[in-house]
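Only one structure is covered here, and it is reproduced in the block below.
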Amino acid sequence: MPQKTIYLASDNFAPAHPQIMQAISEANQGHAPAYGLDAWTEHAEQVIREAFKSTCEVLIVPTGTGANVLALNLACRRHESVICTDIAHMNYQESGAAESIVGCKLLTVPHKEGKASPEDILKKLKSERAFGRHSTSPGVLSITQPTEVGTLYTLDELKILSALCKKENLLLHMDGSRLYNAIVQLKTSFHEMTEALPLDLLSLGGTKNGLMGAEALLIFNPSLRWAAGHLQKQNLQLLSKMRYLSAQYIPFFEKDLWRTLAQQANQKAREIASIIEATPQLSLSYPVQSNQIFFTAPSAWIPLIREKIFCYPWNEEKNEIRFIASWDTSEKDVLQVGSLFTELSKA
Amino acid sequence: MPQKTIYLASDNFAPAHPQIMQAISEANQGHAPAYGLDAWTEHAEQVIREAFKSTCEVLIVPTGTGANVLALNLACRRHESVICTDIAHMNYQESGAAESIVGCKLLTVPHKEGKASPEDILKKLKSERAFGRHSTSPGVLSITQPTEVGTLYTLDELKILSALCKKENLLLHMDGSRLYNAIVQLKTSFHEMTEALPLDLLSLGGTKNGLMGAEALLIFNPSLRWAAGHLQKQNLQLLSKMRYLSAQYIPFFEKDLWRTLAQQANQKAREIASIIEATPQLSLSYPVQSNQIFFTAPSAWIPLIREKIFCYPWNEEKNEIRFIASWDTSEKDVLQVGSLFTELSKA
Amino acid sequence: MPQKTIYLASDNFAPAHPQIMQAISEANQGHAPAYGLDAWTEHAEQVIREAFKSTCEVLIVPTGTGANVLALNLACRRHESVICTDIAHMNYQESGAAESIVGCKLLTVPHKEGKASPEDILKKLKSERAFGRHSTSPGVLSITQPTEVGTLYTLDELKILSALCKKENLLLHMDGSRLYNAIVQLKTSFHEMTEALPLDLLSLGGTKNGLMGAEALLIFNPSLRWAAGHLQKQNLQLLSKMRYLSAQYIPFFEKDLWRTLAQQANQKAREIASIIEATPQLSLSYPVQSNQIFFTAPSAWIPLIREKIFCYPWNEEKNEIRFIASWDTSEKDVLQVGSLFTELSKA
Amino acid sequence: MPQKTIYLASDNFAPAHPQIMQAISEANQGHAPAYGLDAWTEHAEQVIREAFKSTCEVLIVPTGTGANVLALNLACRRHESVICTDIAHMNYQESGAAESIVGCKLLTVPHKEGKASPEDILKKLKSERAFGRHSTSPGVLSITQPTEVGTLYTLDELKILSALCKKENLLLHMDGSRLYNAIVQLKTSFHEMTEALPLDLLSLGGTKNGLMGAEALLIFNPSLRWAAGHLQKQNLQLLSKMRYLSAQYIPFFEKDLWRTLAQQANQKAREIASIIEATPQLSLSYPVQSNQIFFTAPSAWIPLIREKIFCYPWNEEKNEIRFIASWDTSEKDVLQVGSLFTELSKA
């Protein structure tokens, strides 16, 4: 990797928080039952349930794609399809795992600022259902919060989608790999954002908010628990030494570390967004509501930006770049971004 | 079924041609090896190869969806996806069979008069490939000829798509459930329309053009023959008493019955299209280039049309109706359609 | 195919009965709705339900492997496996369709004269369940009646298996591609043999007993009907011109043709078995209880038998041959078999 | 978990070695590219290749079941099956993942002291191939080294199997979750045990020999690399913060930690085996050649043993127990086992 001074490529690039490393070290004591029957896993499930004020089933897994596949395997019967946006991670960046492993069709609606609109969902339902047995039976709506472009569904928007699902006989799944950033921004609680909607299934992140590597599937709808344990194993998401994943969630929730880290990332994203807004040559693509920033720049700037800042182009045709702030994005990082854009503006 | 005087719902509703019934009767002689090792199957494969001037492998199967699934199972490796239009039969009206059985993602491009444009295909390739291993690897382009809205790719358009496939390392599959209607309309040959493009795989119809029930998969690309026999069985497309399917293709190709029947259907479709064009309140949705006709009508007319004519609405919001002429659509049928529209116009 | 005088290779080699051909011809009248919405399909479903004294759902399909796959797709959830014998058709001769399309593991028990014993089933259940989520959850017992070696489960044996299934929380599926031969032999009824056991799912034959080509899936357990229509299409078992399949079942059941044809085949099998029993050099491998005969012969006889009689070796190491009598196996066929064995005995 | 003094349940219960924890801590420095593009992953792949004296492709993954599924997805075409023993982990304890995700049938041969014999493999090949397209096409032989009962294939036995695979056109896969224990016992090298045989694919462990949690798939056969990157993602085996998995392998191979830890575990297993051999009431089920010990005991002893020692029954009907020694099994553990058995013997 070339040495750059500023890293805004992804919150997946960030290291684990020291308290997380400490928790892992402490879990490295003597023998413990494998495959999730250890005390750390029990404890982690408990703190997650408490945070969500829920009696949901919790499955701790190594990858977010795994959580999504597991969710769809539990939710979809063999003739059922899933509605999601065209830029949904499960549709666009999970290498066809849903189709390959679950065997379900993903029906896409065009995103509007990252979100699926009720109108588009209803339109898709209507056209897919028009052919009866000759097409699929939509069974799940999967949404991402925050969306893939960093925007947020408001609680009201979520309730409307949840009600639509109930009316249309769909299960509701949320891909929440950065859910923490949404919770702090909307000043709401895990419970309000999920089970209270109601929500059936949540892919909950962690890795992008300071964990070393742990995600979870939360099953709120009791009718979907039927075979969760079996499918976690069959879907390659059951680790033998599970304690090292589980231990990470303990301080994360017990000490509200998730909140501190998400707030830091969001705050730095807002500061960078302000710099972008103040730079006439740059233009934010979407409102910055979490820790992701999408903006367009003059094409001549792109290589200069990428020389100083480790980041990814999002849409090369539009000269669009994505910045992601992490829990450890520093004041100095922000200042350097500001200096760079000031300098480029003047040139 | 309510008794109506005119049937324009589907060429799948039409009976089998008497020569086809005769061929089936003649095949009902004594014992014959099962699973396609009989003399009729050998003969049918031979007449198909002769018609196509090809040494291709021929697999005779009971359903067109089966031919498509078999094609994709042979063509797609596990990480590969298929590009097709949003209204492709395999995407829209095959109940998710491709995703469920093959496990591949279908990447859709918006149809333009039923067709996939090279620009849209290239755009889709670019966006899908932008994420490398995180998205799928497009491996196949599947087109339908005639398209789902009855239009035709010209030979030049097909050659451009074939060249695009070669350049972009895609295999080319054609869903030709009504290929005969395209062949007679374009006054070309099977060979020019398929292997000469070149084409890798063809799902060839028959049932919609006067057979009792038989479809076929033609494998032009020798590298795709590897396991065709095994997969025909595994994909539930190998009949025990295959002779009764195979026998249908013998007079169909030996006596050029396919041509006569397709010409009749196309001719009647053109006559009906002329009536529609001459009716001011009606509007053809697409040029009528085969045996399918799509048109919009005043909403008040829809129930009156459907009372007299067995047909399907295509897009209820647009008041769009689909007529399909069959090999047995009669002069009287056309006259009655004319009378109905004249009457409705005057009312 | 070499011309031989006697055909005992398979009941799949036999032609369709003239009454079946007549029924197909009569169905070839005018237009009829596609995909099973025609009057013949409705009629066929009705005569099947009457024959079985059941309100079961009936799906008419082109292949027996298709009926089996459809059954397992309805019955198995994603973590569930199927218990069957090591020589079950679905395990041994369906090209891995169950694993490939349904994705379920088949757990095999060693057959005893073709049958699965309760003891072996319980033993397999115990060993598979011992590892909990690390192994599969057995969900279905699939048996074949008559078995793959022509023997029969008695009604008492079937009731014991059905009770075992209820106790062990398994669904019971019967592969009955030659069920008619069992019904006439056991002098019982369709109802007693199936729904009365009770049975959850039946793959019902037809093609091997004089039809041109039609099989069916009967769903007795109402909880399994959820998506039968969708899955019939998705599993490539829904024909467009369904009337030609359905029409075959009408005289078959209305005129008890199934019984006449199965009795003829069984009778001829018994006559041939008697000849074998009277030939000292030959030895029946299993009791002959339907239309299948398995026997061992001196190795020198094998080529001589196969020169005169079209038949298949079953186990080449054991010099075992399989004969199958069909509805049209003639008195002359039997006499010729007798002459051949007499001749070989004397040589 | 009840507090017991001795842990012989599984090497998956053991903690990570301090040097591994240290390596993980050192990897927690600043930002690093995600999804395996980091320096630690590059380094880990390099040390593994050096240890194996190979240019193989290395994919580091979170679970052994994942490595096996990935191997089969790369090796099996859609009509191909896998031969393994009846107690193979992939057949017996991976929750049907191979059938569900890869869709391939596992053809089992009865194990002989844990191993697949050439005779049984050839017999299975013959019977499966006898039915051509109606059965599957065996494509892979998968063996486990050490076996599931702790025994070892000798290098000569492995070479015979590799030659058989070449002759019979099978790919050879080795499930080596405890390969280190075999290497030290046979006093051979990684290279001799794998690529030199030759071997096509290796699922390489680590978690069971002192890592916190990391496994790998090694692809020796270049023709199988086609889509490894894509399938690692699609099969849910690509972690975002991969550096924490990869870092574990660096000291493991650079400092020969794997050897030290495997030798310790094997040594302690031998000592415990000696105690068992010296106890007249106990009987080893298999020669103890790695770190696993299977033995039968008087039924009255079983609860007494399990009260003191955390271990699993293997075959309850036979009163068979499994002990697994780990890298941290101590001299004190061994002495306590000795005391317990002495005490029980005298009682």
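We just call them A, B, C and D in the order they show up, numbering each chain from 1.
What we mean here is this: a contact is a pair of C-beta atoms (placed from the backbone, for glycine too) under 8 Å apart; a residue touches a chain by one contact, two chains touch by 3 or more.
For clarity, every value in this text was computed on a predicted model and none was experimentally measured.
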Between A-C and A-B, the pair joined by more C-beta contacts: A-B
Centre-of-Cα separation between chain B and chain A, whole angstrom: 42
Separation of chain B from chain C, taking each centre as the mean of its C-alpha atoms, in whole Å: 34
Centroid spacing, where centroids are CA-atom means, of chain A and chain C in whole angstrom: 51
Chain B: positions in contact with at least two other chains: 35, 78-79, 94-96, 100-101, 103, 133-134, 136, 230-231, 233-234, 238
Pairwise touch network: line, ring, star, complete, or other: complete
Parts of chain C lying in touch with chain A, wherever the complex brings them together: 35, 73, 77-79, 103, 132-134, 136-137, 226-227, 229-234, 238
Residue numbers on chain D that touch chain C, as the complex places them: 78-79, 81, 92-96, 99-101, 103-106, 130-131, 133-136, 316
Sites on chain B touched by chain C in the complex: 1, 7, 9-10, 12-16, 21, 24-25, 28-35, 37-39, 62-66, 69, 94-97, 100-101, 207-208, 212-213, 230-231, 233-241, 244-245, 310, 326
